[in-house]
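Across the two complexes that follow, subunit A remains constant while its partner is subunit B and subsequently subunit C.
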Partner chain A sequence: MANLLSNMLTPEFFFSILRISAPILYATLAAIVVEKAGFANIGLEGLMMFSALFGSLFSYYTKSWFIGFLVALVVGVLMSLLMGFFAFQLETDIILVGIAINMMGSGGTLFLCKVITDNTEGKAMASTTGLITSSLCIPNISIPVIKDIPFIGGVLSGHSFLTYLAFLFCFLTSVMLYRTSLGLNIRAVGENPNAAASVGVSVLKIKYIAIAFSGLMSGFGGAFMSMSYAQGWSQDMVAGRGFIALAAQAMGGGECFGGMLSSLLFGFAQAMGIKFSSVGLDSNLASPIPYAITIISLAVFGVIRQRQAKKPRTAEGT
Partner chain B sequence: MAEEYVVQMKNINKVYSNGVAANQGVDFNLKRGEIHALMGENGAGKSTLMKMLFGMEQPTSGEIIINGESTVLSSPSVAISKGIGMVHQHFMLVPSLSVAENMVLGMAPRKGIFIDKAKAIEITKENAEKYNLHVEPEMRVADIPVGMKQKVEILKALVRGAKILILDEPTAVLTAQETEELFKELKGLKEEGYTIVFISHKLNEIKEITDRLTIMRNGRSMGVYETKDVSKEDISRLMVGRDVVLNVQKDKAKPTDTVLKVRNLEYVNEWNKKMLNGISFDVRKGEILGIAGVEGNGQKELIDMLFSLDTPDSGTAEVNGKSIISIGQKKVRDAGVSLVPEDRMLYGIAGTASIEENVISDRAGSKELNSGPLFNMKAIHELSDKLIKEYTVLCKSSAQQVGMLSGGNIQKVVVAREFSNDPVLILADQPTRGIDVGATEFIRKKLVELSRSGIAVLLVSADLAEVMELSDSLIVMHDGKIAAYFEDTTTLTDEEMGEYMLGLKEQTPEEIRRVCHD
Partner chain C sequence: MTKKRQLIFSLVRGLLAIFIALVVAMFLIFISSEGDNAAEKLAATGEALKQLLVGPLFRLNAAGISFEGKRLADILAAMIPTTFTGLAVCIMFAANQFNLGAEGGAMLGAFSAAVIAIYYPLPKGVHPIVAVLFGGLVTAIVMLIPALLKVKLDVSEMVCSLMLNYIIMYIIKYLMNNYYADKSKGQIQTYPFLNSSKIAMLSSDSVISAAKLTWGFVIAIIAVVICWLFMYRSRFGYQIRMIGINQDFAKYSGMKVGFIIVLSQLIGGFLSGAGGAIEMLGRYPTFSWSALPGYGWTGITIAILAGNNPLFVPFAAFFMAYLQKGCDMMATYANVPTQLIDIVQGVIFLFFAAERFLAKYRQSLVVKTAQEEIAQKAAQNKEGGQANG
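Let's look at the complex of A and B:
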């Protein structure tokens, strides 16, 4: 136990929490914005899978991580707009659209990967891990001055620039929601679409913008997964982060800052799971830890919120 | 002299796609700077007419002239651009946003890419001062009282350039003080040249602040009057009245034992309005007790309490000596109570289920319809076929979806179920609303027949003809209270009813107490 604790109180451990939290945070921001606009996008997982695959492929074929990164963003946005088209214009249930995207994100990406990489060395590949070298990954940044501070330098410096961007986006999303007229319209549409429509706000347009934003965030998250977190895309590599983000959104009260704290909590749980297995705990025991923490914390927050919401009717004075 | 009118609606007809003619040849006009009352009972077509003026609905035929120009109001945005604003009964506000944010929604002032919140607050304050409508710009709409919400709505319309304001029953949700304040503000607006349409059926309010009034009944205009020229009694007579005299044959009731006994029911709704204020009455075996009244005077709440759909703050209700307060619908039904609900599409049927499934839904677990763990399909077919025949439901087969039937046939499915489960008490809430003449007559006859066979019937209806001719005795509800009790309905006149329904008259407590047959 002492061994484990000393293992955890290292800069590397805290560094890994931030690294693991980043893709969850992107997806959480996506979930927050669509929720504010009045619907749920459960297809974040699938969107991230597509972005991850195409990001790594384009990075390989163009020999430029930056082009791969941009493609990941574009793919995320286009796929989300497609979801919007099905859900808003063809009036399919958005949950079903999300499930479809998730299933395509799991099976479809593998299929596409095999088809597209068929010409490499004469046989199809089930992942792009062999194609992506570290030079095709999103670069890490060491921050001058901070990197030299003992401990803190080891925690904060040397991350992928997408990790820093994730936390910056947390702030920017909050500003967008609460300080711009776009954010005002998003919140109005989500809460009372009739009220928004009655003063000339286009509900359809706002919903498209919200889902495109969720696609953009998924693009960031996907690119991070295949071009920074891991070198290359592999099957089901997003591993439930898109779903955990939905939990983080709810746990964070639907707000950016709360969502960030929840993402960090999940990052912490996963980092701990990894740590446990590294000190010799059976990985079959260690790997469920993050999911157990998800369920427990959701239950706890659920109870707390219910207590707060309960207002006896008699208190209004009869 | 056409210029004195800011709005002229000429020969407006509106037929909804389900065939209901909501407006028939209605003429309506507004003079600049007047407060004009639009009166009528629920379902008289007031709201439809105003929705057309605000571009939410399109007239089937007829012409709308605004400021002398013939205009097509294809959407609320167009209406707003023509200077028409509407304050809906259900506010069009976003609760979690501040007053100022609601005010500028869709036209938010900017500073760079950001919303200029200070400017939004300033706009709100400026207009609040200009129009003398006090609001708190920085408070969340969810936290402000109803009266202020209404002011926000009025300001929203004014900020967007409205010169003509339509207020849909603005005082329905207000306290007396708030109402008084609103009237002061409306008079202020009138003096500045704004034109106001005031939808209401409260006579005192109408007399107090309006200049002219248009009365509607059954989709037709009953005329335009100068408010000072007509008495409250005149208005009541024009608003309330029978257009068709029905003749349902019925013998004199011979009521026996009390079945439903209601005592001192009190209920305050979520907006702190007292909807039931000491309601006491009895319904006896073999009689139809009618409840008349303008909608929204507590009838809906009363039915909710009697069918365990809500819980009263105090009071009792018993069926054959057993309390039915808050015991759940299953137990209420077990006690022998049947309900023909007001909203049949929502509470009466499952639209996508078959006729058969709908008629057995209240007894699906009964021994007769089951054999072991499975349904006894033969018994179910027999029962549904029998009911379809008995209630003359026009359908292809008992497997047809109920939602596909006409309104009258849907209602027949509802009553077939509710009347056939051996009830001791039938709660019939607007049993013939919006259905064809044939089905209406059938259901009315059935109600009389059942009551004469010894069932107690409580009939709530906004249809004056129905409630007066079907009921053996009658109570009138006004403002959450019983305003009158009539032991015998045959000698009642429409005028007398109207006066009680609109709160001009009230019986003494002693007279009302006669409805409790202790």
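Let's look at the complex of A and C:
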């Protein structure tokens, strides 16, 4: 146990929390914005898988991580617009659209990977891990002054630029939601679409913008997964982060700052799981920890919400 | 709309959805096929499509087409677990509960039944029944977690059940690694099931036993009938469907909404667990799954295809098994990766669930019916100009 603690109180451990939290934070921001617009996008997992695959493939074929990164964003947005078309135009239940995207994101990406890389024969498990070298990954940035500060430098400096961007986006999304007319419209559509429509807001357009935003965020998350977190795409590499984000959104009360804190909590749980297995505990015992924490924290959040809901009522009664 | 028109509409809509999916599949096969020019690729695509559409039942070779009983038996055997998960999802979704736990449920049921099958010797005949019931019960109890959290604390059953799938998988892997694995084997697997626990083959015919088509198939069909009776001929089934249509209405008409929601997910859990258990005891000598089996996701597609009606589940399950077999055939004979099924499945799924898909056609049918009614009434001269459309 002491061994575990001394293992954990290192800059590397806190560094890994930030690194692990970044993709969850992107997906959480996606979940927050669509939730504000009044619906749930459970296809984040699949969107991230597609972005991760195409990001890594294009980075390999164009020999440029930046183009791969842009393609990941474009793929995320296009796929999410497709989801929007089915959900809003053809009135498919948005949850079912999400399930379909996740289905395609799981097996369909493997199909595309096999077909595009021509790794069909003999290899049951195709991936792009062999194609992506560290020069094709999104570069890490060391911050000039901070990197020399002991401990803090080790925690904060040297991350992929997408990690910094994730936390910046958390702030920007909050500004977008509460300080711009677009944000106002998104929230209005989510709270009462009829009222929003009556003052001339195009509900459909706002919903499309919201889902495209979630696609963009999934694009960032997916690019991070295959071009920074891991070198290359492999099957089911997103491993439930798209779902964990839904929980982080709920736990954070649907707000950006709360969502960031809950993303960090999940990052912490996952980093701890990795530490557990490094000191010899079975990783199968450590791996479910983030998922279990999700359920527990959702339950706790539910209790808190119920108490809050009860309070004003009793106050009125007395 | 008349019943006949409704049926025609459903058929046209379903066939068109499948057709669109096939066009998408054709495009994907085309880009994945081998050949130096477009003509060669097109020929290869044609061959692959033939395998996809006809291959599941017929052998294609130079001599022509010949029926393969083994392949039909394979398809029927593959239907068993997905029929169960399809039923499970039907009942849970009918109550408007997007519980996605059938995936983990099937694995948990299979594992629980395997434990009974290995460690608790019971008389032949009783043993598999006890093991399957146990597998179902354990899963039902675990399914209480999302159900109760939803009813009591309004926690999203969808997120909760998804998380449960992962937890179930890792805990089973942990138990396998540390307690149940047969260490003398290179691969992680349990000790073999006791002979008394195995589910018997449907007949001793060599084709049937090669395909491992067990009595589980008959049980699955019986389960379909029971589920249909439950959903459409019982009080609880009616309440489940009513809650799914309008929860507030159900609440204000005095139904115990919380209880019914929990009940629907308990039944769903039991069915998915039992399905996994039957699959495990019928087709495997030991438990060796190291990942989620995928039956739960297929079950969701099946429930959507069946419109949440248990009676249509076996047909949807047959269709999905046929498609899977077709994709396997394509992978074997035409070198098209078998994961194509996930894309085809997703496309069919999207169009089936789309409310507005062919809405104009439906509208025209409704108008036509109404106009005919008006004409009929005018002819009968019973009522004045007012006719309801």
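Keep in mind that, in the parts below, the second predicted complex is superposed on the first by the 304 of 318 C-alpha atoms of A that agree within 3 Å, B and C clash if a C-alpha of one lies under 4 Å from a C-alpha of the other, contacts with A are read in each partner's own complex, and residues count from 1 in each chain.
The rule is short, and it goes like this: a residue touches a chain if its C-beta (ideal position, glycine included) is under 8 Å from a C-beta of that chain, and two chains touch if they have at least 3 such contacts.
The shown structure was predicted, so the numbers you read here are calculated from the model rather than taken from an experiment.
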| item | value |
| --- | --- |
| Touching partner for A:185 - first (subunit B), second (subunit C), both, neither | first |
| First (subunit B), second (subunit C), both or neither touched by A:253 | neither |
| Contacts of A:154 with subunit B and subunit C, given as first, second, both or neither | neither |
| Partner chain(s) touched by A:11 [first = subunit B, second = subunit C, both, neither] | neither |
| Partner chain(s) touched by A:285 [first = subunit B, second = subunit C, both, neither] | second |
| Subunit B versus subunit C as contact partner of A:201, first or second or both or neither | first |
| Residue contacts with subunit A in the superposition, subunit B compared against subunit C | C |
| Partner chain(s) touched by A:302 [first = subunit B, second = subunit C, both, neither] | second |
| Those residues of subunit A which subunit B touches in one complex and subunit C touches in the other | none |
| Complex interface listing, subunit A residues touching subunit B | 175, 179-181, 183-185, 187-188, 191-192, 194-201, 313, 316-318 |
| Subunit C-facing residues of subunit A, complex | 42, 86, 89-93, 95-97, 99-101, 103-104, 106-108, 110-111, 114-115, 120-121, 240, 243-244, 246-247, 250, 282, 284-285, 287-288, 291-292, 294-295, 298-299, 301-303, 305-306 |
| Residues of subunit C that touch subunit A when the two form their complex | 28, 31-32, 98, 100, 145, 149, 152-156, 158-160, 162-164, 166-167, 170-171, 173-174, 177-178, 297, 300-301, 304, 335, 337, 339-343, 345-347, 349-351, 353-357 |
| Parts of subunit B lying in touch with subunit A, wherever the complex brings them together | 76-77, 80, 91-97, 101-102, 105-108, 110, 113-115, 117, 156, 160, 268, 270, 272, 313 |
